Amino acid sequence: MTLEQLALENHGYSYAFLDEFAKRELRRRILKAIALPGYQVPYASRELPIARGWGTGGLQVTLSLVGPEDVVKVIDQGADDSVNAANLRRFITRVSDAASTTDATQATIIQSRHRIPEERLHEGQVLVLQVPDPEPMRSVEHDISRAREMHADADYGLLWLALYEQLVRYRRVTQGASYPVMVHKRYVMSPSPIPRWDTPKLHQAAHLTLLAAGREKRLYAVPPYTDVYPLEFTDVPFKVEDQRGWVCIRTGAQNKFMNEIPNEDGTSTHEMSDTGYIEKLLNAQPGDTYYDNNGNFYIRGYIRS
Amino acid sequence: MNKETHNGHTSIAERLSVLSQSSAHQVKALAESLLDDLGVIEVLENRTGLVMLPYTDSVQGITFNLGEVLIAEASVRLKDHDGVEGYGSCLGRDHVQALALALCDAALRAGIRADTITAFADARALELIAADQELLRQVETTRVNMETF
Amino acid sequence: MYVAARGGEGAIQNAEALYNDLKAPIDADVVRAIERTMPYLIDRVMGEGSLYAPELAALALAQTGGDLYEAVLILRAYRSTQPRLAYAEPVTTKMLFTVRRISAAFKDIPGGQVLGPTLDYSHRIFQLDVLDGKAAATATFTPDTPDAPEPVQPVAPREYPLVADWHRMAGLMAPLEKHADQDPSDVPDVTREPLLFPAPRAERLQSLSRADTGGILALGYANMRGYGAVHPTINELRLGYAEVQVRHPISGDLISLGRVRVSQAEIVTHFANSATGVFGANKEKRQNHKEELALGFAATMGWNEIKVIAAAMLDKAMDLPAPHPAHTEEFVLYHTDPVEASGFCIHYKLPHYVTFASGMDAMRGANQIAGDEGKSVSEQPEAELVAEAQE
Amino acid sequence: MRPTQTATEAASRATFLALMGALSRPGMIHSLPGDPQGDELRTFVAIGKALLDLETSYYTPEALLSRKLALTGAKGRNPAQAAYHFYPHLYAEDLTAIEQASVGDYLYPDRGATVMIGCRFGERAGQCMQLSGPGVLNQSPESRIQVSDVPLEFWRQRARRIHYPMGFDAYLIDGQKVIGLPRSTKVELEAVPCM
């Protein structure tokens, strides 16, 4: 027997990278977030071997949920194969032994940056959205302590005013992605920089959505079957992106969220942003989608425009 | 190690401190030479981890966390010697060095080859003190003569 | 025309391989050489990485080709995987094995001014002989002491009194408040609880300790140059070694694991209590309006004088009732974390075409309305519109 | 780097997932992992292991459970300070402790306590309740629950103490089964049994 033989093996890294203390803290905070839909829960936010701002908030949530039997889908801008999505998927599966898929309906956990899949998610699935800035009022109040007081007072006057000013100046609301929403009639929330096309998908959804900002150290949730409404004026309804007439060059599909790809002659080609859905359309039978082929949202009357 | 002996007695803790700061190579060799006399060894813990280093603000006197220090640590039990336990830790990530320290600690507590360990530790203590003295001698040469500052 | 279907995975792996290919390979000797020849660089990485592990800091630098932010990130991420085993005994300034200690406030101070290791008075001239292979750089210690013919024999003290204690004895500064013994696990910790404002002083000092040197310097310099109301003097600056002492779990005795390099600075300003608005942090407790010296403080792991001096000035500036925005606590502490700031900066390299498309849609919509009404929104500041429309 | 999950890690995660599922779908019964034949404190201990460590605190009137929860490193605290309350049986006299449970404040409502209550589900003598709020699908079977062994006064107390977003969150536990009642769930007592 030598000293080297006697020494215990030092394997260095925990299951799913984070140590148990970190996971327990995240889990405690996730439960509070679910109990307070749309409310930003502060959390410690561990450093991961991925740069801050590259999805470390979402990644921490995923790592606190994931187990070896999970099937994980990771997307960035709707694509499974974009470099950041590929890298995060490689990391998650490497540290957890979970399987991965590009099929939104087969995944148990979907981590996403900037998109919600076109196919309707179902009960039991968890959508983890990466959040660069959790504060919907950042543009009108940069002091986060003051913004927190405004949330406490449900004082969203400045935000309404900002939307109103856009109307006066441009005759329409010019907010693009990250369209602010009211959750369970209490908290205004940033849905993360998803396009307005995806915003309605959070309303009365069957799945659980967890949103996390690693750098800003806040996480929040939209439980299943919860009211989520975009801020809109009675006479100026909320509008999704107008992509009518755009046809996906790969599938011929219409009325799904498209990427616009510039051509050299100044025109544009269009392609669906959700690559998992493209794959399914080409090779299999896709499930129900949030918007039908005519662009109607599945909950009738929710989008008024 | 800068603590001088009290009344000529050096405690186990003081010797352990010296051992923790001795070269990994030497401590491992020492522990290796003890193995045959220690009987069955149960390694309870042997890992790397962090020690938070608190610091005291000299202005308001409050304590804050300066940062963490990487250490390796080990706990062992000597099954053939009434289950005497030993603990060792050192700066850095060498968990075998920590195990060697824990074995030295257990041996000292069980009174096994205590003379060997003590002699080793006392020799290292003198080396550490000498190194400190040399550094302080060098530092003294940088003292500013106030008339020329 | 398509976004590459399966190009992502291969490209990222090849990109990393190319990065490594464009620098020389590393081995244990290279890492050891970095650790031994660049202690100040190692200290900066460890201080900002918030982890004292010289060997790993050297490896991080070697692995990243010396990209400082990448090296700090590796160290920070490694922390997340390691359990916290214990809390060491709190280090106090008086216990520091001090090798450099100066004060700019007084010509002489109890214990004296000791320069220790420094390049402050060096002429910044290349040692070109090293490149020519003619001579090794001054590697051995040969004290140059013209006014002492014999080599100096006296030994410097290892510990020194505090300059601030002299201020207190002289009645120029409030006596140190007695703080009840605190369980180290109860000390607020920014790595365990998110920073909320106003931050407890412990969290402020911890944040400064792990802050980005460049960020702290920029904000500190803005303060020094004129945006701050503080006119500071360095009260005391120290470099030294702190002993890491932990409790032996069986005997309960303190054992020392060795020493780590630390640096600390105090800066001092006059009229802490005056009506000019320069108040000490515990202003509520000082109702007598006696004029006092006010001190700012900072410390960090490793020897990094620029950081602790600038941070100590910011510590003082953040106490002002209405400081410049760049010296408010929230602004300073949020914007000087090296991992967060650098990570967010480089995240802009990630694709943003969904948000950009959403913004384009809003702009086209607005343009169409304007076109219908006979004027183009393009005449409006377009960049502003897209910015508003994006995240 | 080989990811290996220890049995403890796996149990903690499974317990957490059950709690997360229960809180996401109030009224729906979720199953906690573990041995269904174990002692009656087992689920409370398992929840303690999944959620507690030295960074948080607990309160329980049950001495044996308190000793077991202390092993997690969490601080035993009085009802007003404890983040997690554990009541294997909720007696009328425990309501004074629940009365003190933190409901957080307007700035930080997440500081409200979490309360675990042992009870029985689906017994005919139980109190029938109609649930509504986030996670509750209107007209779904799980929107009505029947619970016994909880003092009636508790429900009135809960309604009185919760001023959304301030309030406490509750889990009802019957053996291996758990129902989550976040503060966002509105509970209406029904005069007649559910079944």
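Letters are used for the chains, namely A, B, C and D, taken in the order the chains are written, and counting of residues starts over at 1 for each.
Just so it is clear, a residue touches a chain if its C-beta (ideal position, glycine included) is under 8 Å from a C-beta of that chain, and two chains touch if they have at least 3 such contacts.
This is a predicted model, so every value here is computed, not measured.
Asks: Give me the set of chains touching subunit B intersected with the set touching subunit C.
Replies: Touches both subunit B and subunit C: A.
Asks: In terms of C-beta pairs in contact, which of A-B and A-D ranks higher?
Replies: Most C-beta pairs in contact, of the two: A-D.
Asks: Cα centroid separation between subunit A and subunit B, in whole Å?
Replies: The mean C-alpha positions of subunit A and subunit B differ by 51 Å.
Asks: Return the distance between the CA-based centres of subunit B and subunit D, expressed in whole Å.
Replies: One centre to the other, that is 48 Å.
Asks: Could you please state the distance in Å, as a whole number, between where the Cα atoms of subunit A are centred and where those of subunit D are centred?
Replies: 29
Asks: If you average the CA atoms of subunit A and of subunit C, how many Å lie between those two points?
Replies: Computed value for the inter-centroid distance: 34 Å.
Asks: List, in ascending order, every residue of subunit A touching at least 2 other chains.
Replies: 12-13, 21, 25, 42
Asks: Enumerate the residues of subunit C that touch no fewer than two other chains.
Replies: Residue numbers touching two or more other chains: 79, 82-84, 191-192.
Asks: Which parts of subunit B, given as residue numbers and ranges, touch two or more other chains?
Replies: 47-48, 93, in rising order.
Asks: Which residues of subunit C touch subunit B once you look at their complex with the stated criterion?
Replies: 46-47, 50-53, 55-56, 79, 82-93, 97, 99-100, 107-108, 112-117, 141, 143, 145, 147, 152-158, 162, 164, 176-179, 182, 184, 187-191, 201-203, 205-206, 209-210, 236, 242-244, 246, 248-251, 253-258, 260, 262, 264, 266, 281-282, 295-297, 299-301
Asks: Could you pull out which subunit B residues touch subunit A in their complex?
Replies: It comes out as residues 28, 31-32, 35, 41, 43, 45-48, 74, 93, 95-96, 99-100, 103.
Asks: Where on subunit A is subunit B touching in the complex?
Replies: Per the stated touch rule, the residues are 1-4, 6-8, 10, 12.
Asks: Quick check: in the complex, which residue numbers of subunit D touch subunit A?
Replies: Within the complex, subunit D touches subunit A at residues 1-6, 9-10, 12-13, 16-17, 19-21, 23-25, 50-53, 55-56, 106-110, 112, 114, 133-137, 164-165, 169, 182-184.
Asks: Enumerate the contact residues on subunit A facing subunit D in the complex.
Replies: Residues 11-13, 15-16, 20-21, 23-25, 27-37, 39, 41-42, 65, 67-68, 94-97, 123-124, 148-149, 152-153, 184, 186-187, 208, 223-227.
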